[in-house]
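The structures considered in this document are given below.
Two complexes come next, and they have one chain in common, chain A, joined by chain B in the first and chain C in the second.
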Partner chain A sequence: MSPTLSVRDLAVDYELSRAGLFRRRRMVTAVSGVSFDIAPGETLGLVGESGSGKTTVGRAILRRIPTSAGQIRFEGQDITDLAGEPLRRLRAQMQIVLQDPYTSLNPRMKVGDIVAEPLVVHGLAPSREAAREAVAALLARVGMPADAAGRYPHSFSGGQRQRIGIARALAMKPSLIVADEPVSALDVSVRAQVVNLMQDLQRDLGLSLLFIAHDLAVVRHISHRVAIMYAGRIVELAPRDAIYDRPIHPYTQALLSAVPVPSPTVQRSRRRIVHPGESVDIANPPSGCRFHPRCPLATERCRDDAPPLADRGAGHFAACWNSGA
Partner chain B sequence: MANASPQQGFWGDLRHDMPAAIGLCVILLIVLAAVFAPLLAPYDPAAQSLIKRLAPPVWMTRGSWDHVLGTDNLGRDVLSRVIWGARVTLLIGAATCLIAATLGTLVGLWAGYRGGRTDSVLMRLVDIQISFPGILLILLVVGVIGPGVGTLIGVLAITNWMVYARLVRGIVSSTRQTAHVEAAEIVGCRPSRVIFRHILPNLVSPLLTLLILEFTNIVLAEAAVSFLGFGVQPPQTSWGLDVASGRDYLFIAWWLVTFPGLAIVATVLSINLFAGWLRVTTDPEEREKRFARSLAARRRRAVRKGANT
Partner chain C sequence: MSALLKIEDLAVVFDTRAGTVEALRGVSLSLGRGETLGIVGESGSGKSVTAQAVMGLIDVPGRIAGGSISWDGQALVQDGAQQHPSGIWGKEVTMVFQSPMTSLNPLMTIGAQLEEVIRKHLGLGRAAARDHAAEMLAAVGISGARRRLDQYPHEFSGGMRQRVMIAMAIACEPKLLIADEPTTALDVTIQAQILELLAGLQERLGLSIILITHDLGIVAGLCHRVAVMYAGQIVETGSVDDIFDRPAHPYTQGLIRSTPRLDEPEDRLTAIEGTPPGLLHPPEGCAFRTRCPIARDDCRAPQALRPFGAGFVACTQPGVDAWGDGK
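Coming up: the complex of A and B.
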């Protein structure tokens, strides 16, 4: 089966300072050489620390920010340079769930109008009556009470608002949803509900999901495969159990060892791997492998050449010269 | 709460806000007075009578019921002039504010939404116009076209739209980054829908505030231009013109300046009171808070009444 989304060698540059009369434009490469596929009905978890470029990848896929290199194919179609009306129509098929449910809903629109908006702007709501029915079905699907449509977003809690955001994303029956840290702004008590809802929807509707997060436990729960990003590159990409049980890349190992285990005996026996040094300043990235200044396995080669994301068997990819599979 | 979203009518909602209701009544009174000026005014506002010049208002020693608010330096009835002056003043004030606000808001929206080069070009245009003395432009245009109410409205609008552009552009460029605007764009809204449906509603309260401040400015600007002889031409009259021309008699006949001045104050104040209410009403969250407050107050009153009996 051909993948829903296929990303090849994606790179995104940001402008640090604009070109002036006497100075050149300064650019910073936020993301480079990122490649992955998402199959229909698959959830790919994208994990990384702040500034690792995971949100940038999500925005680039949705064509919110210009790419500087690489290719993005969506359902076989090259969308890398799509613009104007074709891009607007494509938006029906790929949607986003944003991080902060408190700012992602227009405070001056009723919930019903917010959820109906995709239908209206894509001309799929022939009448008010049809739109109302569609909205009611969507709200029921995400577990919201039926009378929610007539109320404003401010009368709902964070978890409920996120459900409304999910209903809006589902309105066009998209084949891909990019969830940009959808639960990190929520209370721990409602996180599980929203994650389970997304998992159910993904399974029932056969969605492809790019789940961006920094919470490793949540990602493990929801993802089929997981990609780990460090300083704008994917360092490891593998099926969920493989990456959590047998991490290859030193960065992934350190990341996973930082997750506490809910059992004091096991937790005490575990060794926390800490790599000294600061996270990378992506305005001045190190040469070669970006992790080499902090890596215990680093050699001469790591300083000069960036390791490719190589197949280590069974769909397990890692970008490291030295760690064995 | 039983009824979380209050669906009362306009009047029912307004009744609970006394100052706003009074404000709206005063506005309506002034507008009615302006519309029915020929019926209400006791005298022709331009009729001069040198024998009766500078008669004081009725409650002063030399005052008489013939001229309730006294007469001016040419013996014209001040009350009639205030009533007739409302016409030109309100027309110029409202028309200028609306034209200037529309023009400025559109420029600001476009500049803030597009950003980049469009923004730079439009905002430099605004800078140039702001640095150019407004009164000079007014005198130049009026000098070429000739004075008149229409000319005055056009000229005042052209010299006053920049404030709106600046304000709107600032808010838009920050609102543009908010998540709900991004969500609207990803959903597939066309730029016009994003601008008018998702960005413009956030501008209502600052725009209302600015409109009211500017209304006073326009009234005074009109007075200044009229005073210089380039604005409203006698026998037409306006509050601003009366205030300006009554200045010379301030120490011997305070009523020349005071009554048109009070009319300006009353107008601006009542618009302000009403606008405060309007601002809350256009914001769903504020509106529900107000509703909850009034509900709580009513309940408290009921409890107190119950305790008394």
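Coming up: the complex of A and C.
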């Protein structure tokens, strides 16, 4: 089956804000050389720390920001340079769910209108009655009470607002949803409800899902495959259990070992790899492999050449010159 | 272990236009010397308000409505009245907040801010304060400490700023450090560094620590004892091993179950249906009963913390496996 989404060598540059009239333009490469596929009905977890470029990748795929290199194919069609009406139509097929359920819903619109808006904008609701029915079905699908449509967002909790955001994203029957930190603003008990809902929807509707998050435990739970980003590049990509049980890249290993596990017995016996050093300054990235200043395995070669994301067998890719090669 | 900090039946309310929000509803806690206590709960459970009350930081529209807090024999709050003892807050008891970006003054050098604290509380002269400040930065793992004293907060990364906050908090050799979500704003690899730092400081300085967090993993790794809060009350306290291995309150059980685990992936998370109650009109009796799978009629009566096993639980059926699949 051909992939729903196919990304090849994606790069995104940002211009640093200029202060002063005669300052030279400075470009920052937020993301470069990013390649991956998402199959129909597959969830790809995209993980990274702040500044890793994971959000940038999500926004570039949705064509919300300009790309500076590479190709994005959606259901076989090259959408990298799509514009105008075709882009507008494409956007119906790719939806986004955002992190903050408190700011991503218009507070002045009733929930019913928020969910119906995409249907109206894309001319898919022939009548008010049809729109109302569609909204009722969507709200029921995400576990919201029937009377929610007539109320405003402020009368709902964070978890319920996130359900509303998901209902809105589902309205267009998209084949791809990009969810950018959809549960990280939610409390633990409510987070589990929303994670379960997304998992159910993904299975029942056969959605492709790009699940962007920094929480490695949630990502393990929801993803089929996982990509780890560091400083604008994918450093490892593999089926879920492979990446968690047999991480290859030293950064992935450090990242996994740093996640606290809610079990005192396990915590006491775990070996933690605490790397010195700080998150990368993306405006002044290190040469070669961007992890080399913090890496225990770094050699001369790592300083000079960036390692490619190479196939290590069984769909496990890693970008490292030294580890497990 | 003699109690250093003792909180008894503490009540804090916030007066709002809509009415009185009961943020803390009878919280009792004690903390021993050199002990690390984790306070766990979701937003609005009252964990941060508890810390603020200990620090004397409850301010309008909030007020203390009842109860007592004593520190090393001295009253901080007596029968609902705020006391103002000197030489405790900022010296013996200090606090680190979640956001290191906003808790430092952006217009003062790191050194000036550290020295200010040191001179105020330790009464050192200029030169001695500067030496001590550099020592503190080194103690929290900041290299080139002397040079960095002359830098401004924006020249530090998030993790480094949190180290500076910790340096400031331990500069006057406190006996108790309250850390309110100290790593929530940080990346996980940086979080690991900060947690390691806290554990090391505790061992070296014999500090007591109150760690406030929503992250059960952090509690499991760092704390000796845990208090679980829900809707302004403590529902369970116990040793860290008991809380995680034998949680007795249905809410504690649910909280642990609904946390996805890196090491033991499950097919489906246990979700606690519903949301925590509003505290404008808190429900009668057990606040968790509306979401509890084993709630029954007598849960409508108020539940006090009672001894159960080696800990304390506020539940009509402590120790029953509420989520019913025997795990």
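Convention: the second predicted complex is superposed on the first by the 317 of 325 C-alpha atoms of A that agree within 3 Å, B and C clash if a C-alpha of one lies under 4 Å from a C-alpha of the other, contacts with A are read in each partner's own complex, and residues count from 1 in each chain.
Simple rule for what comes next: a contact is a pair of C-beta atoms (placed from the backbone, for glycine too) under 8 Å apart; a residue touches a chain by one contact, two chains touch by 3 or more.
The model shown is predicted, which means the values in this text are computed figures rather than measured ones.
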Inset, instruction - Would you mind checking whether chain B and chain C clash or fit side by side on chain A after the superposition? - result: fit
Inset, instruction - Could you tell me if A:L98 is touching chain B, chain C, both of them or neither one (first, second, both, neither)? - result: first
Inset, instruction - Considering only touches as defined above, state whether A:H122 meets chain B (first), chain C (second), both or neither. - result: first
Inset, instruction - Using the superposition on chain A described above, determine whether A:R88 touches chain B (first), chain C (second), both, or neither. - result: first
Legend entry - Touching partner for A:R73 - first (chain B), second (chain C), both, neither: neither
Legend entry - First, second, both or neither for A:R141, with chain B first and chain C second: neither
Inset, instruction - Considering only the touch criterion stated at the top, classify A:R246 as touching first (chain B), second (chain C), both, or neither. - result: neither
Inset, instruction - Determine how wide the angle is at the CA centre of chain A between the CA centres of chain C and chain B, giving a multiple of 10 degrees. - result: 80
Inset, instruction - Check the residue A:R132 against both partner chains and state whether it touches chain B (first), chain C (second), both, or neither. - result: neither
Inset, instruction - Have a look at where A:H224 lands relative to chain B and chain C in the superposition and call it first, second, both or neither. - result: neither
Legend entry - Of chain B and chain C, the chain that contacts the larger number of chain A residues: C
Inset, instruction - Report the closest approach of chain B and chain C over their C-alpha atoms in the superposed model, as a whole number of Å. - result: 7
Inset, instruction - Identify the overlap between the chain B-contacting and the chain C-contacting residues of chain A. - result: none
Legend entry - chain A-touching residues of chain C, taken from the complex the two chains share: 42-43, 157-160, 187-193, 195-196, 214-221, 240-241, 244-245, 254-256, 258-263, 265-266, 268-273, 275-276
Legend entry - Contact set on chain A toward chain C in their complex: 49-50, 157, 159-160, 187-193, 195-196, 199, 214-218, 220-221, 241, 244, 254-267, 272, 274-276, 278-279
Legend entry - Of chain A, residues touching chain B in the complex: 62, 64, 88-89, 91-92, 95-96, 98-100, 103-109, 117-118, 121-122, 150-152, 154-155, 165, 168, 172
Inset, instruction - Using the touch definition up top, name the residues of chain B that touch chain A in the complex. - result: 4-5, 178-180, 182-190, 193, 197-198, 201-202, 283-285, 288
